[in-house]
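Note that the chains take the letters A, B and C in the order they are written out, and that residue 1 is the start of every chain.
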């Protein structure tokens, strides 16, 4: 597609579609938000435990959802347990509100809860996300729900669950730095660019989910509540508001975020996470903000 | 011996004990060969010996009498059945019989040297390293240790091109000289020598005699086995005869010839 | 041994020299089968103790029990911590025990693959313990790792290579470096030269001799090879059927064995 048509399609999505809500109410064939009330209580208990122990992975009895594992079932169950009729929901996938997954999850909640949905970050009370944190800073009144594939940051180095549990319990996290050492030894720098391990509240090491390391600093002392759900692995963890979150590094190889030489071709932003979009089959490409709402807001403001 | 001479001997011994570096009291050593039906060999019986600073005692007696056994007991290498072996170590007497391994090792490291008949060769360790090791174990710097080892190897006519080689391929005589160098590199107050000149030519024999006399001169107490009478007469001022042991198989009154028993280096 | 009136409540004996490791009355059974029983010994700083015996003697079970890898059924294992207090290893918290095993203790497995992390480079293997005790400077960590590789006669240029590209002897040396980097005071070794070619064995033994002496290590070394025991150890314990039948100075037990089993063992060595 051409540069212009790409810009038009993104521009169109926020202007032409009003905020959703089903005036007729939620689908009466399902319980509110699909899950039965006992399940919601069970998940809320897990969430409370998770909030009480920042960064600690709480096991929960993950349910069968009407989408397969790997499609955000953990995030959906967390959202389903906390959502109420007055909430306003935003769902994004890789920063965009209009990808297939974001759309289908949003429609799932519209059908089962009839809550208002929005693409505007600042208008949402719950934001469910896959692989990105919105560029716009969140407030105390908001909850960010992450979709997590593998919650255990140590898994790739230590396959035994019994051993990783012990490592968390005893705070034995040397292996994490061994992985970073290996990165530097192999690539000359820490090569991990997403799912970059963080230390939460000075205690547990957590996986921030496959968000780019660019987003890690946003997690530190975020005013919003951050909840993480892994459906297949059956774990929930949380970072309460204003909690310290630091990214691991070495003294002589400090943590650094990604930077681009380019700025967004649509809105001109210099400091947002950029996606590289292929525009034609001759190698043409353009860099645009991954966060579609952020980009559209800037375009609005410019006009 | 009769009572009078026994008392005299005991009295003389007490006087000597004041300056004795090595003392053996009432030592019994027997071997029970379980792998050969439990034959018991009584090798040493009520042995007494006192060696003062500057003395060199030659153990004499026929082959198979147990002379090497005496030396090995004195080094803590063989285990006596009863008695005492006192070595004057850092101002006090340490009894090797029933001693803790680390104490015996401390005595060996600082006070008691032993030249055995065979050089135990460690693969890959050069002659120079082998000879300087006992000094390094005492905390002497590597360089000083190496210099002293080199001086001794030169004195014992080991060619310099051999110093960096492991002694496994050396001739018997050369291995013997490495053995001697390894012990004489430290100024031990007590020395045990088992046939130190066995495979040596006249020149090297003379050198070893000088080394032993030097040791006596600085006050070392020495016990040795010297087959060569010339060497024995040159270095020793005392003799201690060791008798042929009585050999008995269990439940029988027959005595056996030493040659009938295998596997025990007496 | 200290006098009762000198014992303080914490178990520390005042003034008197203390052993680094004290094992008292150790016993371990499997389903009623007694693998080892009634084992007691003291190990002093700088001492190398060889535990020898044939298959089934209980020597490996003993090693695993005293190195806190296997729970024993009876007996006490006491270790002199760096602060000079003799503590019962089984009364340490799990965190303390795991920390001890990662810093002050080392374990060399017969199969180096059991003692290495095969998924990371040689350098990372050596770095792991350093990192575990808080090292956070990549440059310094790597420099120490290459230094250690040199000390165990591995080519420092191979610091980023994967352990599976190393030969068995090299992997064993890497395992040793990985353990020694935190300057442990006590090492446990289970047939460290088993399975290696003879010339490789000789080289490894020589290396161990030098390292152990240079670093004032105490070692409990399990081996069926009396030549290894003779070369490396100061003291030796002979085990048969789960019990210690003879113990003493190594050269004394090997040259003048008293117990019938020890005599049989020594006489079974094929002459070179």
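Methods note: contacts are C-beta pairs under 8 Å (C-beta built on N, C-alpha and C of every residue); 3 or more make two chains touch, one makes a residue touch a chain.
Only a predicted model underlies this, so the values are computations on that prediction, with no experimental measurement involved.
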| item | value |
| --- | --- |
| Shared chain contacts [chain B and chain C, defined touch] | none |
| Per Cα centroids, the chain farthest from chain A | B |
| Chain centre separation (chain B, chain C; CA means) in Å | 33 |
| Averaged-CA centre spacing for the pair chain B and chain A, given as whole angstrom | 80 |
| Euclidean distance of C-alpha centroids - chain A vs chain C, Å | 48 |
| Touching residues on chain C, where the partner in the complex is chain A | 94-95, 98, 117, 119-121, 123-124, 127-129, 131-132, 136-139, 141-142, 159-160 |
| Residues of chain B that touch chain C when the two form their complex | 31-35, 72, 76-79, 101-102, 104-105, 122-125, 137, 263 |
| Chain C-facing residues of chain A, complex | 157, 166, 170-172, 174-175, 177-179, 181-182, 184-186, 250-253 |
| Contact footprint of chain B on chain C as seen in their complex | 44, 47, 202-203, 206, 209, 213, 231, 234-235, 248-252, 255-256, 258-260, 263-264, 267 |
